[in-house]
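Note that subunit A is present in both complexes that follow, paired respectively with subunit B and with subunit C.
What follows is the complex of A and B.
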């Protein structure tokens, strides 16, 4: 590598993030407990500056650096900005909660920033090695975060489960990557993409590797049949960490899927579409049906996540620009919904009380009509009722699916319309449990009249967050076009 | 002057609703009520020019507005009304104002939220009637579920939770299938969501038409509601507050029938013709069987709810009477008149029951008797509306039923004969209920303590009575508005798409 030619500009936000978080790591050692707020502010500032740098270095085409290991394209830019927003929201929403639960320590912030860095690297990788490094950086930070509340048995158990299953999934990914390497002779996503069409490439080996890759991806997304960890981790982790888990990492996982399947193995679309159909359909089926039976709202949201990932994969499996763009839109709106949902739960939790059960939301409208209204927006958005953002996400995916030619996967052959009908029927099942949340908030009497004390900055951000669902729902044009343009530019540069 | 009229009719109530919501808790309830009244009155005022300035010589869309909304998906903010939809926009704005007045004192808890829900709902319903873009229609159509769910669930009766969830899921099932159908049509119409483009698709194979028909039918039949997917309606009605019942019966049911007019008949005419016998049969079941069911009800609200289903059976009957490939013009116009008339009459019936319920807190027929002795003014109105409900000539209820039966006679004698049974059953269940509640000796001390209607109630009743009589005596005023649009529709349906 020629250091003089090294263009650091595309990776500027990541480099800044690394520098800033290393500084915070050391600086925090000298901050006394009562002044921990400084670390909090510094972390937020770091994230904000990253976002500024990201926007400032925006280019409407892909730029690679580090010998093609690292790519900065429009999809990466948009997703990263969304991840900064999600991370900042996570920090703001969880501030009171972590303080109440003895987690308001430097580790919480540095680990969060490390997770963010890992996601950034994942999103920007143009090579299997960088992908894997980013993924592990993210995962290790998350394992530690889940177990951060040291005396919590549930948290430790969740961390353990996540760690063991996560390691297994990483192993599968590596195994799959090694087979792809064996077949194409490269780990570079670009080279792999061109290598597949060469006549001497061993397709059997590639497809074998593909199976492992898809399994690993499904695990990271939390899609059936690799979903077992999701409910346990969502329930066991400290609520603040669940919030984090449910937001930005989903965006990173989405880009992960795009990088490997769409950009790297796009030529094998016929093969992975068949796998994704099964995974998507099962995720929607099991996620929605299992969510109906939950009384714990975190488990319910976990299963709902599984079903949403199924819907998102439906967009991916369309295998064209339109489908990827719809999945991207879905991922972005999903993160907004997830943040707002857990944000409301955090707002309702207070020292010694975690908002855990669906019934803990009983009579919320009487206690605070504003939070009830915000949660109502989130629930109807998740159910896909217009005019909320969740509707357009589902609509865009369905549109991409219906546009497909007749499907033939051996086990399922027929018009893609049937797939769309299945998806909407599963949404109907989903609507039931979202309605139940609205029901307990609005129709039931309150069990407690404990005041809801929320910091002003959180209240503001949470309101903006939930109202964004309505605004995007009424005027989705900009975001839809942003996704389509970014996806087009990113795919074109391949 | 009239360029943004439809937008006004949609957004004025919604913005008023948001303002009402902003007044906060019940300490400022009077303010919330006045803003709600102002908002609904403004909405109604904005809707009046639609009626007066409507060009009866123009069969096409009027008051059209067009703006790109989501250009990436070719979805447009495209509004317009023709003779089929204009009446409902006006009717809805009118009923909303009455609903606000009807809930003036009765609703004491969460007044702002109650009023806001109705105002938002009113705007959304206007939007559904005025939308010319399928996705825009769908957005309004679905969004309506949210306020209605809350209205039934928060202010409803004892089984409100069951009723509201049943209502929501039933209607959602239908509309989700419709969404897939709309997306399919989008590609078939050359990537356009315009409803007119859907109607102009030249060829659709019969099997596809039948599938599309089923998807639309599920959605609209549940809304109408047709037998056998009507079971949500009695629950929803019984548990909803008076205003909720009024809006449900007067307006939301009409959207289902409107969907048949706007989507099913023109988009899949061949499937509609093929399957018309089934629809006619289901409609007759609704007319006859549900009429009998209404007869045995002991709960007044349930009785009127079943009577609504029976009357809506008349509407769907009128819409699907084919001779060859031609729809019957009498029947279609009769169905639309019946829809408008039922909007007035059912709203009035539910309001009357609400007036009694507010005083005695019972909906059971057995708890009343001899109300006329204590509430003579009210009794006069109630008898008038009961007559309209049973289709007495000179009331609006007669016109629609008469026209549909006339149409049916031209198509098939036995269909007409069965349909005309409604005149017997309708009279039986309505008048019997009136006899048991209004007339006779004072039944118990609750009735004895009744006071007659106050000014607010009198106002609502009088306005509705004028509407019912006006439409009964001079139906031409309404029929003229729709005539050209109905002829266009019939001509369109007559063209096969095979």
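What follows is the complex of A and C.
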């Protein structure tokens, strides 16, 4: 490689993000505490400009740079734009909360931007080294954000749990990567993909590494049996950080899975499909059943996340373009739902009061029928009730699964329809606890009559966010086509 | 058995033993010292792999800098080890069983003839004048430019995170804002409490009376 070859254009948004981030880091030192809003506005501006650059440098095919380590393909573009949106929404929703909880400091914003940079790197990496560094960038920023409210024992405990288990999962991931490197002699996912089909490649060693890779990925997604950290971290972290944790990182984790399993180890699909069937089915089973028993709404949403990740993996395990595209659609709509759900909780929280019990939503309709309606949309969408986006997302994933030929994994052999029926049954269980929230909001008496004070920009964004679920649910074609086209282009480059 | 193989097995035995002692040693200073030994031994492994520069930097950076700093911290903090290790031996049997089963399963797969580990012949030895540092430098600053730069970002993030978690305005800080000092009023310093006078009942009235009559 010589320097004239180095094409920085595909990585322009990341380079800008890093530059702006470093600027904000230094600039914030000179901002007095009462004018911290400047840092907030600068951070939002950075994210917005990143989105503009991302759209401006859009190419309908994959472009690689940095010796093939960085890839900018349509899937990466779409997911990145969605992540900018999710990060911006997170910052807007959490503004009042972080101010009330003494976290309205420069570090909150710089760490959020660091997390965004890490996610961008995860999404755009075509090499195990950069994939791993991106993941660590994201994780390290999240560990620090969770513990940012230093006086909170629950936050510190959550950060500690996440850190220890995250380190373990990273270790598994690295071990798996080292085995794949041993078998194929490369860390580049293009080379790995072509290397697998060569006859002299040691498949046993590859599958051995694959087991550790899948375990590490399942941990990062929060899928059963590597889910134990999810409820504790969702409950213990400051609500604003829970929102951050539950939104954009899920998109990054999805592309991370696609890059490693679909693009890198696509030839081994027959091997990882079996593992994913187990993980997906267990996630839906345990996630939904455990969520029924929760009285804390953050824990309930955490278990619901686990079950949603199971559904998402159902799309991935289809192992074809249709399945990946439906999983991508699922991830996008899930992030919208998660943002809106935690957004409403943040709107209902105020200084000295965190809305984290299901009972805290009692009689919400009497206090504010608009927020009750927004929450109703989110809950219906999560439950998969038409005409909301969640219904179409589930439908698309199930269709991809049903279209599969007969499955045979040794422990499970039979028509994929059984898998789809199981998923539907589990969604039915899920409907119970989502509808319970609706029942509590509309039919129970209010425990408090404290006024709901929300900043105007947040109210507007939250309304747009929740109504988008309705719009996407009614008119899903555009987004579905976008996902399918992007997935086709990205997979074709292999 | 060649000499390098004997060295490899001796080093591995020392490495495994010291790593085990890191988690079982009662005294945290001892644990840190065992960790130093573990790093040192793995540097030996890297030497066997002809990665001289990495071996030296492992010794310099980890043994020389990181672990010394770590020892200082461990010695300065008064850590109650017994409290930290509460439940360690209680959970040990289960954890050891799970660990052993996993290790056995991995060994079974790796030792199976289908794995064909024997196909992986050791790499041919490098020429005596092959420069590790030069090769590393060439690779890092060209092919691996992006991960290299990102590692720098990771370090920056670690600094920001560490400062955000530790250096904040603390309640026990000794810093006083001069503006607040100037603004102070007398009423802020002294609090006048109004209360009724309390007369102490003299206990030795009789003795006092006697003194008066004399």
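Keep in mind that, in the parts below, the second predicted complex is superposed on the first by the 493 of 494 C-alpha atoms of A that agree within 3 Å, B and C clash if a C-alpha of one lies under 4 Å from a C-alpha of the other, contacts with A are read in each partner's own complex, and residues count from 1 in each chain.
What we mean here is this: contacts are C-beta pairs under 8 Å (C-beta built on N, C-alpha and C of every residue); 3 or more make two chains touch, one makes a residue touch a chain.
None of the values given here were measured: they were computed from a predicted structure.
Contacts of A:282 after superposition on the shared chain: neither subunit B nor subunit C is touched. Of the two partner chains placed around the shared chain by superposition, neither subunit B nor subunit C is touched by A:168. Of the two partner chains, subunit C is the only one that A:121 touches; subunit B does not reach it. When the two complexes are overlaid on their common chain A, residue A:160 makes contact with neither subunit B nor subunit C. In the overlay built on the shared chain, the residue A:99 is in contact with neither subunit B nor subunit C. Once the two complexes are overlaid on the shared chain, A:110 sits against subunit C while remaining clear of subunit B. In the superposition on chain A, no contact is made by A:470 with either subunit B or subunit C. In the superposition on chain A, no subunit A position is in contact with subunit B in one complex as well as with subunit C in the other.
Against subunit A, in their complex, subunit B makes its touches with residues 25, 69-73, 110, 113, 135, 138-139, 142-143, 145-146, 149-150, 153-154, 160-161, 164-165, 168-169, 172-173, 176-177, 179-180, 183-184, 186-187.
For subunit A in complex with subunit B, the residues that touch the partner chain are 365, 369, 376, 380, 385-387, 391-392, 395-396, 398-399, 402-403, 417, 420-421, 424-425, 427-428, 431-432, 435-436, 438-439, 442-443, 476-477, 480-481, 484.
Listed in rising order, the residues of subunit C touching subunit A in the complex are 106, 109-110, 112, 114-117, 119-120, 142-147, 150-151, 153-154, 156-158, 160-161, 163-165, 168.
Of all the residues in subunit A, the ones that touch subunit C in their complex are 1, 6, 18, 22, 25, 66-67, 69-70, 105, 107, 110-111, 114, 117, 121, 127, 129-130, 133-134, 136-137, 140-141, 143-144, 147-148, 150, 182, 202, 204-205, 208.
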